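Each of the next two complexes has chain A plus one more chain, namely chain B in the first and chain C in the second.
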Partner chain A sequence: MTLYEVFLGWMVVFFTLAIFSFLYKDNPIYKFAEHVYLGAAVGYGVVIVYAQVLEPDLVMPIVDFLRHLWGGPTAVYGEQYEVSPGWRLVALALSIMIWARLTKRFNWWSRWALAMIVGAYAALRLVGDAQAYLVAKINATLLPLWPMPGNPLLDADGGIRWVSVEGPSLLTNWLIVLGVAAVLIHFFFSVEHKGPMKGASRFGIMILMITFGSSFGYTVLARVSLLIGRVVDLQERATGDYFYATYIIGAAMITYFVGVKLYERAAGKA
Partner chain B sequence: MNLESLDRRWVFLGVAVLTFGGLLLPFRLPQVPGETSISYYNALQNLPPGSLVMISADYSPSTRPELEPMHRLTIYHALKNGHRVINIALWDVGVNQTALAMGWALAQLASEGVHPRKDVDYLNLGFKAGGEVVMSQMGSSIPTTFRKDQEGRYIWENAEIPVVAGLHDMKDVDLLVTISAGSPGINQWLAQVQKRYNVATVAGVTAVMAPELYTFYHSRQLLGFLGGLVGAADYEKLLGMTERGDAVGLSILVPDFANRAMVAQSLIHYALVLVIIIVNVDFILRRRARGGRS
Partner chain C sequence: MRKEIPILITLFIGVFMVLKFFFEPVDWVRISAEEIAKIAQVVVASSVVLGVANILRINFRAIVQRRRDWGYKLALLVTMFLLMGAGFWAHFYHHRVTSLVVGDLLFQDLYGNLLSPLQSTMFALLAFFIASAAFRAFRVRNLPAALLMFAAILIMLGRVPLGHWLSQALGLGALLPNVADWLMGVPNTAGQRAILIGVALGIIAVGLRVIFGIERPYLKGE
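So, the complex of A and B:
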């Protein structure tokens, strides 16, 4: 274990406990950790985007193109880059136009660039979303509701698959079809929900609640998993290899909070 | 004691104690892999050797405990079965996650006497910004989208990098794997690539995202998926990692991390269910005592 690794270990423990300290209450240690985290994340993102996107896709092609114009050694622009320099200059101009938002006089320029982005994304998503979400899911809901020769509700021996956890069955197909219909009825407000519509709507609510319940359970699963990750890191660094970083930093923070509490009490009495 | 006015910090403290305690327990719970996890495993297992598997790291360190075990095991599984692995990242920090997962997988394979070769068996194309635009562009041309690899080398039509031979667009990918924590991620891959180019797709996702994937699984848009820590534990079990987890001290790097973490996970779940029941009973009793509707 090198001194640098031990130092990193202490940083891990400090920032983990500093962020967790918010669970007790908002405090300067938490604020410090929050600002360092955000600054580091943004800084890292900027460097990565420059090194892997802007430099190879914008800066270097334009530099090479200018060299090519002036008869420089990289007179192979057409072979090296498929996209013409003109389009790259358009992209550069649009990027600069977004920054114009920071000026009072030219801030309307940014709307052109944003309009371009919104338009492109709308077009891109229209086809993809329609295919992946709308058509595919409607298709997946069109299920056989009665066992007939050739459909999956009959098993190899010709028997009816009443219930199956794996694959289609009579019960699951009915549940899916009725559940989808009931949820749609629940959100159909053009007709008053009374009589059969009321019953269908209530069934729709039940389906929705079961869905939300499973989502909530999975969300708890996810959050606890993240907590486990942090706790494992803390336990790893509570050993002698890291000079008991977790115990020492944890004790220091508890001492700090107890001290602040005592000071506040004393100041309140005074 | 009035549970309605209980300071929630006691609940936080209880969860912390259970997590620390659960991770110290020296046993594992029985893990029975679920259907979606088995399908994920089979999607990789049933590919003919030499198939091209593209793995996209669409997550950040914040979801590392859930996603890194499945990410590294996917690389391990693909390389062990003799597939070619192309790594990409659509999240900037995904590059680091790929490096971590790759390092772990290579070390694990080396301990088993398997030595995949860089540029021949695997390659890292690095990060590309743009999310859905990048995906869509990859559908028409991958060389145009990723001109260089992570190390800045021109890789296309390069005899020294045969791993990308025959790779032109997403139709040439035999299996797309996304390890996904949000957007861009599995939903965008399904919309921009899977359906449009009919690419076989599987996903490893956070537990938060898992419920919505069941619909894609039942419509066969997804061949399989791993959901959260449970999914990772299933995959460890299917790959036989639970037989190797005799390392002293729990670390995220041990082969059976997810299985061992499931003890604490389950403990907290039981505790939370208990807390929900207790506070609801308390709530009903208090309402009755006040003469309200019961």
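So, the complex of A and C:
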């Protein structure tokens, strides 16, 4: 283990414990870690955005275009690009218009660029979500509700599959079809929820409650799994290889909090 | 002029991008639509400059004027420039930003030992708050509340080794894990599906309103 690796280990422990210190109360160590997190996230994001989007899709096409314009190799056309890379100058112009938001005089320029983004993404989401969610989900809900030869509600020996944990069954299909319909009825406010509509809406609420409960349970498990990961990280760095980083930093933080508490108590009495 | 042109741009781009799905086999339509999508992606990515400029403007001023908490803002800027410096060095000098070897790229080391632990600890912290919120919120007042609570408990128990063990110990076989799987696969699927259908309908409605200029979120402040 090199000194550099030990230093990285201490860094992991410090920042992990610093964030967990918020469980005690909002404190300067947590605030420091919080700001470092924000700075690191922004710095990382900038690099990734440049390396994965701006350079390959803006800088390189424009450089290629200019190189071609000034008599450089023409092979770039047709091989890498389906249209002239010069069109990316439009992207550059729109980017500059977005940056004009930083000025007072020209900040209205950014609306042109925003209008283009909004138009493109509204259309992409509109058609994409209609395909992925609306059509696909409705299609998936059109399930057989009556056991017939050839449909999956009958076993190979002709018996009815009443209920199953995995795969289709009579109860599963009925519950999914009625459940989807009931939840949609619950959110349909154009008709007053009276009579059969009230019953369907009430059933929809039950299905929604189970959905929210399941999602909640699943989220808790995901968070606990992350917590276990952090504890394992701390445990790994509590060994002699890392010069007992977890114990030393943990003890230092506890000492700090106790010291602050004692100081505040003393100052309060004075 | 300042209002009409953006509305026309949205209308033209939006209608063209929707029509693209119907005229996909026509080469020039497909290629133009792909280029427009790429340009939009680049413009969105380049707006990261706006974010960085704002962070610099707000924090730099606070540091120079020694305002409250200026030290934290200094830490923010130093970390941001450290990551940016290490990242651009890795990108331009080493021509890559990822590495599997510790000590090979400072950028990767900072990601793995600074950003990644901070990020997962932040999310792990939520485990405590979710647990405390659940403790306060889960009260069996009526049938829907009971369903919510029992669904959550059954999912949590059924998906962990403790649930398997408990199920076995009570002589129920794999009942708890099976119930958890069934809850996720059937009622949860029905609920999620209906919600997603509703979301898709909402997105279609809002998308059409935006494309046809009925809704103009980007013109706010005019």
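For this structure, a couple of remarks:
Note that the second predicted complex is superposed on the first by the 241 of 270 C-alpha atoms of A that agree within 3 Å, B and C clash if a C-alpha of one lies under 4 Å from a C-alpha of the other, contacts with A are read in each partner's own complex, and residues count from 1 in each chain.
Convention: contacts are C-beta pairs under 8 Å (C-beta built on N, C-alpha and C of every residue); 3 or more make two chains touch, one makes a residue touch a chain.
Computed from a predicted structure; not experimentally measured.
By the touch criterion stated above, A:99 is placed in contact with chain C alone, chain B being left untouched. With both structures placed on the common chain, the touch criterion links A:36 to chain C but leaves chain B unconnected.
Residue contacts after overlaying the shared chain place A:113 against chain C, while chain B stays out of touching range. In the superposed model, A:87 makes contact with chain C only, not with chain B. Contacts of A:235 after superposition: chain B is touched, whereas chain C is not reached. In the superposed model, A:249 lies in contact with neither chain B nor chain C.
Once the two complexes are overlaid on the shared chain, A:24 sits against chain B while remaining clear of chain C.
In the superposed three-chain model, the partner touching more residues of chain A is C, compared with the other of chain B and chain C. Residue contacts after overlaying the shared chain place A:139 against chain B, while chain C stays out of touching range.
Shared contact residues of chain A with chain B and chain C: 23, 44-45, 48-49, 53, 57, 82-83, 120-121, 124-125, 127, 129, 132-133, 137, 140, 165-166, 211, 214-215, 218-221, 224, 226-227, 229, 233.
Looking at the complex, you find that chain A touches chain C at residues 2, 4-5, 8-9, 11-12, 15-16, 19-20, 22-23, 31-51, 53-55, 57-58, 82-83, 87-88, 90-91, 94-95, 98-99, 101-102, 108, 111-127, 129-130, 132-134, 137-138, 140-141, 165-166, 172, 175-176, 178-184, 187, 204-221, 223-224, 226-227, 229-230, 233.
The touching residues of chain A, when paired with chain B in their complex, are 23-24, 44-45, 48-49, 52-53, 56-57, 81-83, 120-121, 124-125, 127-129, 131-133, 136-137, 139-140, 165-166, 211, 214-215, 218-222, 224-229, 231-233, 235-236, 239. If you check the complex, the residues on chain B that touch chain A are 9, 12, 15-16, 19-20, 23-24, 35, 62-66, 92-93, 95, 126-130, 132-133, 136, 144, 147-148, 152, 188, 190-192, 194-196, 206-208, 210-211, 215-216, 218-221, 227-230, 249-252, 257, 261, 264-265, 268-269, 272.
On the chain C side of its complex with chain A, the touching residues are 2, 5-7, 9-18, 20-21, 31-32, 34-53, 55, 69, 71-73, 75-84, 87-88, 90-91, 97, 102-103, 107, 109-115, 117-128, 130-131, 134, 143-145, 147-156, 159-160, 178, 181-201, 203-204, 206-208, 210-211, 217-219.
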